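Handing you a structure now.
Which chain is which? They are A, B and C, in the order written, and residues in each are numbered from 1.
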Amino acid sequence: MSGDIRLRREFIATSLLLLVLALLPLAMRDVYWLGVLVVSAYFAILASSWNLLAGFTGQFSLAPAAFAMIGAYGAALSAAYYNVPPLIGLLIGTVSAGLIGLVLGRIVMRLRGPYLALTTLSFAEIVRLVASNSINITRGDLGLPLEPWFNDRVIWFYVFLSALTFVICGLYLLLRSQAGLFLEAIRDDEIAAARSGVRIVFWKTAAFAISSAAAGFAGALYAYFASLVTPELGLVQQTGLVVSMTVIGGMGSLIGPVVGAFLVYVTSEWLRDVGGWQLVIFAALVIVFARLFRAGLWGLVITALAPRRKLA
Amino acid sequence: MTYASHLTIAAFAFSTSLAASACAADPIKVGVTVTQSPPGSVVQGTQVKDGLEVVAKMLNDQGGVLGRPIELVIEDTQGLPEKARAAVEKLITRDKVVGIVGEHQSSNVLAGMEVAHRYHIPYINTNGWADAIREKGYPEVFNPNNYNRRVAMAAAESIKKLGAKKVVAFAENTDYGIGLAKGIGEQLKTVAPEISYRFDTLDRAAKDYLPAILPLRADPPDVVVDVMLPPAAYIMMNQVYEQGVAPSAKTWFYDASGLADYPDFWQNIKEAGKDLLVFGLYHPKMKAPELAKTVGDAYTKKTGAQPNRLLYQAADSLLVLTDAIKRANSTEPDALVKALEATKYTGTRGEITFSNESGYKFHQWLDIPYVTFQVTEIGQKVADSPLVEQPGQPLDPSKLAHP
Amino acid sequence: MLSGALAADLAVNGLVTGLFYGLMAIGLALIFGVLRIVNFAHGEFYMVGAYAYTIIAARLGVPLFVALPSAFLFGAALGWVVERTLMRPLYANIGSWGLMRDEYAVIVTFGLSLLLVNLVDKAIGPYAFRAPALVSASRVVVGPALMSGQKVAAAVVTLAALALIALFLRFSYWGRAVRAVSQNRLGASLAGIDATAVSSLVFALAGGLAALAGALLSPIINASPDVGAFPAIKSYVIVVLGGMGSIPGAFVASLLLGLVESFGAVLVSYQYRDTFGLVLLILFLLFRPQGLFGERGREV
């Protein structure tokens, strides 16, 4: 099966999933669970943007949470010091994360595997340490408060869902275009791709910048939702969550990170009252999937459906 | 069988039936946010949680409030503002609690009370000392506990009495730490402008404070002030002692955070604790209402630990809220806030009222009792430590033991 | 600006800290040398060691000189199991990762780190545990400096452990096998060295050493589920500075990092001292990926 058809199938499946989610408030108006879905959508954007790097380009960054934090602080700092309205704050957060991503992506271009992972992890830790220790500017661990954009949970839910839809459509268009082919060529064999004329530096850096901007966008949006920005957003554990969601859902597919994010986050809220073993279970799942089945849950679904298709 | 015993049995039967009917009724849910895992202070969180549970049980054994049992819904914040915010959000929207109590960390109060304010739900601050909490002027927030300005004044007076010329404080990087360290500086400027004072901000997640402490070794100050909480405070205190800075013949160690009544204090501190001067919000030698003994005994029975300040602060937080529910005869937010403002209730530490002045006094119980005591032996119980400052009196240097 | 006494204090403090960093980091360097991967669960071996020592000594009341080696053995056993179950796809070509072995290693060790942290958090609890000290004195005079007794004892044990490791790698058959596989896995296999056994050995050794570090420091830095984060980060920095996979390089880099942090905190900035090493790490990976002493030409 060609990559194009596969991608279209994933896009259709994702669209269906988003449609089902969009209809949810008709049946359920519980403020708390809407909040849970909002956070899930936040993670779905982060996981999808990380998947563009890790799943489609083979760049294993460990900094998605750091970029979300940069986006959040971009919005919160501009609001706190220049009284910027939310839409502009959102733009500032997204652009600052994108620009920093552009620079970092260009710098780490040559690095692969463990070297890339170490560099991005160090970058993430530096950004977080600076945010939490620059007390005079960021108020450190206490966090920067923000005026919430609006309070209605249903509105927030649709705002996040639209943001997620926007990101998914953007990714789909990007991957469907020639750029998608180039990125996959780079992932599978960088040297061969270069030999056949793919502009490696350009595409890898672009992927890094786009992914960072998307993470920053999610972070800035989240800042207005939570109305408090703390360095915690950039903790390595948050990146761990993003990686887990992507791996469990299915790396390198458009739908995997979205399924993974909603499944992991909603389930862990749901299991919250039964002792909180959910993180243990999810971490174990990550190892099991990584060890035995790289394509994740989505891959399992495809395999399960495949024989029936042949019969029909 | 005597008449009296008949009466007792009848009374007993009546009260159990009352209690049983209370249990059958719809419970009144009270939200609790406490730290149950690091990096926040689990020890504080556990003291508060135990204290609240003791009081909730006492209330329910007496038939509950308005004939309904009190149910505590407890959430862990890990001492992180973001988690505290989410926890209060969850308690109000999912569990539909009538009020929030228990928070023991300023940064978390500041994050959580925003949510309570947005949903207009009463928020009883159990142990957030930062003045900023009061200065916000939120009508839902009430403070039956200590405030930074009061410690700052107490510390400044004590430091002056100690005859210090040079003072260094170590503050943790939180609203509490930085706020109090700054406050002590401001108070010192008013009461003793000749004293040179500075503070270093330390990261409470760090494991080693030596680089901040070593420069003091060559040129030790007269007083080192602790404005940090465990576990970071223990590491800092041990290292300050290890480097021979304080407590020493030259330098006093003044503990503005009141660490010595923590249950794990002597598991973590040895020689570094001897000769420590402690700002104390509770001391067994302080005068206290009857209720304090009842609550303290129930606490000791439940946990095996001695009563402590956080127990009483937690107890009063819940009692103030239930008192307001009783007087308002309702759990509606507006009625509750109104009733809380009119509070005149004798809890475990004295008669609690809330000021209506703005600024750091807003919705604050102004006359929080406190003492200063000195730890004179390694492993000493708080009850055995001598008071060097009685409530309402200045520190008495003649009572001090010199290292 | 720096008095002589303060400089001496900072130097002693930096070197002792560096010594501990060395014990934490050497295992990571060994693993990188043999398997060419970074173990992102390295800090969790440290954490497990701290808990093993604390529980064995404080709860079960076992004498400290038995508890310490037990912690080492516990970490070693865990390392061996991890290698057997999770690291095989790296060289046996099983699993679904094919060419993406680096990526597999990052994900699986990252997942392992999450698993161990959360498992301990749920099974033992989030509370910090304080371990019994080998030497309980709060203050000991060491030359010009003052130190806690436990720190002195831990430094002595660390020195001994590092010396033993050096001797082992230099003179024993298995030590030479480890070095041979590090230099050339294929060549060593052709020469009849069991590279698979060497991989298991290295993981066990790395787990044991990190656990020993955790045990030695647990009376100073309380054991808690997330205590592994800082030794892990320090170890990454050291392994990069020392040249990925180089053992002597890692040792020198450890001492250097200890000194840089100690002096930097006073001379440059106390607030940002934890970022110094990380900045060095990035600069080295970009401009001198072979580390302080490595040869050029290592593939990055």
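Quick note on the criterion: a residue touches a chain if its C-beta (ideal position, glycine included) is under 8 Å from a C-beta of that chain, and two chains touch if they have at least 3 such contacts.
None of these values were measured; they are calculated from a predicted model.
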item: Arrangement of touching chains [line / ring / star / complete / other]; value: complete
item: Contact-richer chain pair (by C-beta pairs counted) among A-C and A-B; value: A-C
item: Approximate Å spacing (C-alpha centroids) for the pair subunit A, subunit B; value: 40
item: Cα-centroid distance, subunit A relative to subunit C, in whole angstrom; value: 31
item: Numbers and ranges of subunit C residues touching at least 2 other chains; value: 121, 271, 274
item: Residues of subunit B engaged with two or more neighbouring chains; value: 201, 203
item: Contacts with 2+ other chains: residues of subunit A; value: 133, 135
item: Residues of subunit C that touch subunit B when the two form their complex; value: 3, 5-6, 9-10, 13, 17, 121, 126-128, 130, 136, 138-139, 146-148, 220-222, 224-226, 230, 261-262, 265-266, 270-271, 273-274
item: Subunit C partner contacts - residues on subunit A that touch it in the complex; value: 54, 58, 60, 62, 107-108, 110-115, 117-119, 121-123, 125-126, 129-130, 133-135, 188, 236-237, 240, 243-244, 247, 275-277, 279-280, 282-284, 286-287, 290-295
item: Subunit A-touching residues of subunit B, taken from the complex the two chains share; value: 80-83, 85-86, 89-90, 93-94, 107, 110-111, 114, 118, 173-175, 178, 201, 203
item: Residue numbers on subunit C that touch subunit A, as the complex places them; value: 32, 36-38, 40, 85-86, 89, 95-97, 99-100, 102-108, 110-115, 118-119, 121-122, 229, 233, 236-237, 240, 271-272, 274-275, 278-279, 281-282, 285-286, 289, 300
item: In the complex, subunit B residues that touch subunit C; value: 36-39, 42, 78, 200-201, 203, 206-208, 210-212, 214-215, 217-218, 231, 235, 238-239, 241-244, 264, 267-268, 270-272
